[in-house]
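The following pair of complexes shares a single chain, chain A, combined with chain B in the former and chain C in the latter.
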Partner chain A sequence: MSGARSLRLIWFVTWFNVRMLLASEFFVLLTFIGPLIYATLGFFLFRSGGGTAGHTLLYVALGAGMMGVWSTTLFGCGGAIAWQRWEGTLELLVNAPTRYDFILVGQTFGAVVFGFYGIVATLIWGVVLFGMPIEATFPLILPLSLLAAVVSLGSLGMLIATTFVLYRHANALGNLLEYPIWLVAGLLVPVATLPFWVRPLSWLLAPTWGMEAIRGAAIGTEPPILAIVMCFALAVVYYLAARVALIYVLAKARRDATLSLQ
Partner chain B sequence: MSYGMLFNWARPSIYIPTLIGGPTFQLLFFAALGSYATNRSPAYFAIGNAVQVSALAGVFGMTMAIANERWFGTLPAVLATPANRLALFAGRFMPFVLNGLFVSLYAFALGVIFLGVRIAPGSLAVVGLGLLVTVFSCTAIGALQGAISLRLRDGLFGANLVMMSILLFCGVNIPLRELPTWMQVVGNLLPFTHGLEAVRQAADGAGLGQVGGLIAIEFGVGCAYAAAAFALFRFLEVSSRRNATLDVR
Partner chain C sequence: MIGPMERPSTNTPAIEAIDLARTYKTHTGVVRRRPISVEAVRGVSFEVRPGELFGLLGPNGAGKTTTIKMLITLLLPTSGTARVMGYDVVRETTAVRERIGYVFGGDRGLYDRVSALDNLRYFAELYGVEPSEQKRRIGALLELVGLTGREKEKVEGYSRGMRQRLHIARGLLHDPEVIFMDEPSIGLDPIGARELRQTVRSLVDSGKTVLLTTHYMFEADALCDRIAVINAGRIVALGTGADLKDAIADRTIVEIETFGVSDETVERLRGDDEVNAVNMEERDQSQILLVQSDRGAHITQRLLALLGETRVGKVVAREPTLEDAYVHLIASTGDDEARSARAASVQ
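What follows is the complex of A and B.
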């Protein structure tokens, strides 16, 4: 399969999945309404403290938006393979001449791209309700930061998709992992304020670096080069780990004849 | 029986991550965020969220207990029985109230051990009463959501929205007086607000004489939601029979 055809396939599946998620009330809530509620909560909490704890409203809005991105990634990717099973398309996709991991890449990127719509919604919410100024210290780096965040979260999503499928109730894992990653990745509370042993954990997470890359470009004092590099580096590591997990999962499913079992 | 059959989360593989793990991290998240943003004690946020997590069982549980009858295809059989509708409806509350209490007590224990929550020993009974009434009223709004879900494509959408609304409007993390007036009005109309305030005051040592009014209001709000839920359930039953849409999904 040529590179151009692979990219076309990934693009098609990404777009297809974005449209599928748009039709889901649950994902609309997760991506659009949830972040607005958390952003409002964040605005009031920081205001209640007599300021923004040294941060701008944009800091809160971006953090709340990224919370939505993580939720969409977690639930959208966690159930990706399980949904194909339920819909009866998994066997067809796995046995199609196209590489299944490319299909999965498109599916997980679709969830992440959909999640990023939530950041836009949160920014509009902040401007309209709280008079938040939209600013970017490094506007030329911002698109690269967004791309880095999408790529790293997409790859993490693929790892989530290939590992969560081993657990029968992937959505329950989603319920478990929403808050801890919001906390450990420093989306609203800086990692520096958390216990020291949390910091190494946060370095392994795409949302940490994705958030730092976006915030660095928007409100940072220095270009977030390290964060962008870490996003791409983690993306490679996640993708390789996901490939290994996928090979194992598919081999196991074929061996046990459970590919189509729910 | 309906609890075991209709509550999807009743098995350990879902219950533990969702109703034990989720609340644990919710407590830690809001304690960290709240104390960082406002300089208030983490205990304030721990109490608010320890009571709020009971709504996970109440709101989602009751939504599932009613809406899943339709999704599992058992609704026509249930409604074909001559059983008293009120008994059929009210009987579903008890397990979810107990479940909500359990989740909340677990979260309180976490708060006491890790986040500095202290409850005045003389007020334990009042805290317990406030908690019980709050869990009941959360279950009542869950019942209303369940009844609404008999007509919706995705019932859990509304349940999620109720959970988020409680988090924002009911003084869980932000004192009600610090919210804009219209949000205070919404908060006062939702279950949870008065019960949580009663629990907070009782934990600080207030007696039944001081918080009895708040508990009574919370109970009244809960009863109003339960009555609305039952009325809607009956209305939808009758209209579904008339329009032959009882089992339409």
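What follows is the complex of A and C.
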């Protein structure tokens, strides 16, 4: 398959998955409503603490949006393979002459792109209800920051999709990982305020650097070059790990006959 | 023999299975786990010629789906080899997948929340159909399966028959040379099943090779050029419908409707010298005994005497049908084979 054809396939699968998620009430609620609730709580919390000066509202809005992105990534990607197995489509996708990792890339990026609506929603919410000013210190870098965040979260989503499928109760694992990552990745409060021993864990997570890259471009004092580089570097590591996991998972599925289990 | 990288010749069988076997390993119990091995397929061998419609016929759990899944590269055989269009199903998966279509029965395997057209576009991309070719191909397939005009409706509103036709269209998107159909008529109403058979026949008429599994004897008989009867993981007969029927051509069938016949009475019939075999079908209120005896033996009165006090309804003596041949084959290889296929080992 040529490079152009592969890119077309990934784009097509991404778009198809966004449409599938739009048709799911669970994901519409998770992505469209969840971040607004987080943002509202955040705005009131910071307001009651007297900390709404400067860029604080924008800081909160971006964090709340990213919380929604993480939730959609976690559940959208964590359940990607499992849902297809339940729907009976996994066998058909694996049986297609196309490389399955390309299909999975499209599916996970579809979930992440869909999740990024949360950031748009919280920004509008902040402007309309809380009079939040919209500004960007480095407007030319912001698109690159967003791209870096999408790529790193998408690759992490792929790793989540391939490893979660090994566990029968992966959904419970997803619930377990939702709130802790919000905290550890610094989506609500800066990573610098966390205990020292937690920080190395933060540095391994795509949401940490994705958030850093977006906040840095929007309200930072310096261009978030390190965060952007880390996003792409982590994306490569996640993708390679996901490829290895996928080869193992597919070989195991052919050996143990688990592609069509319900 | 064809090497892994050689191009298959025109004489190559479309499908070739040699001593194909598959054992599933599972376990029972939660605290004390006991490993169990189930031999789902036990040394199956057959060839399907290009352009042939080949039926794999057997009861539920006979090993049909396991066989088909090994042939379409979704499942690794425990032993044996298989090739599709000359390509090994274990080592040359991409070459096999490019040449096959897979259609299965049931409600699963489609994206319900989007339209049939979206489903077909999606799978066309996945199956590598050239973008310039997709519209024409999808249109032709919708026409073939009779869904033109309904393609923009969401699949969740489709009837069982429409879903099955959409499955077929999906399986044909990349114009495969060999089509595997796993119980495609399951759950269809009689008209839907008849339309499906017409579609399958038209595929073979257009030069496709089809391997179809079913547990309906009449379906295999109506459609297939040759039929392999599989039971408990083994092929117990292989030939045309006429060949299978010949296996019991020297028999007469006495069909007896009974009400509340006991197991002891059935065993008494089985033990009679004039009786070759007895099969029983449960109906709502009654049981139909199908008693096979040598042609020319007039044993109806003898059977009624053996039934003793059992209440008897309609009694008919008739020529054996293909279904009788099937029942005979399954029954004669039944219980013992099934038991030996399920070997439990405790560690």
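Keep in mind that, in the parts below, the second predicted complex is superposed on the first by the 258 of 262 C-alpha atoms of A that agree within 3 Å, B and C clash if a C-alpha of one lies under 4 Å from a C-alpha of the other, contacts with A are read in each partner's own complex, and residues count from 1 in each chain.
In this section, a contact is a pair of C-beta atoms (placed from the backbone, for glycine too) under 8 Å apart; a residue touches a chain by one contact, two chains touch by 3 or more.
Treat the numbers as computed from the prediction; the structure is a model and nothing was measured.
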In the superposed arrangement, which partner chain does A:Phe12 touch: chain B (first), chain C (second), both, or neither?
second
- Query: Between chain B (first) and chain C (second), which, if any, makes contact with A:Gly88: first, second, both or neither?
  - Reply: second
Contacts for A:Asn175 in the overlay, against chain B (first) and chain C (second): which applies, first, second, both or neither?
first
Exercise. Name the contact category of A:Leu194: first (chain B only), second (chain C only), both, or neither.
Key: first
- Message: One more residue to check, A:Thr137. First (chain B), second (chain C), both or neither?
- Response: neither
First (chain B), second (chain C), both or neither touched by A:Leu29:
first
### Message
For A:Arg254 in the superposed arrangement: first (chain B), second (chain C), both or neither?
### Response
second
* **First, second, both or neither for A:Leu41, with chain B first and chain C second** => first
In chain A, both chain B and chain C touch residues 24
Given the complex, residues on chain A that touch chain C span 1, 5, 8-9, 12-13, 16, 19-20, 23-24, 87-89, 91-98, 103, 254-257, 259-260
In the complex, chain B touches chain A at residues 9, 11, 13-14, 17-18, 21-22, 25-26, 28-29, 32-34, 36-40, 153-154, 156-157, 160-161, 164-165, 167-168, 173-175, 178-179
So, in the complex, the side of chain A touching chain B is made of residues 24-26, 29-30, 33-34, 37, 40-42, 44-49, 53, 167-169, 171-173, 175-176, 178-180, 182-183, 188-190, 193-194
The residues of chain C that touch chain A in their complex are 24-25, 66, 69, 72-76, 94, 97-98, 102, 104, 106, 108-114, 118, 122-123, 125-128, 131, 170, 174
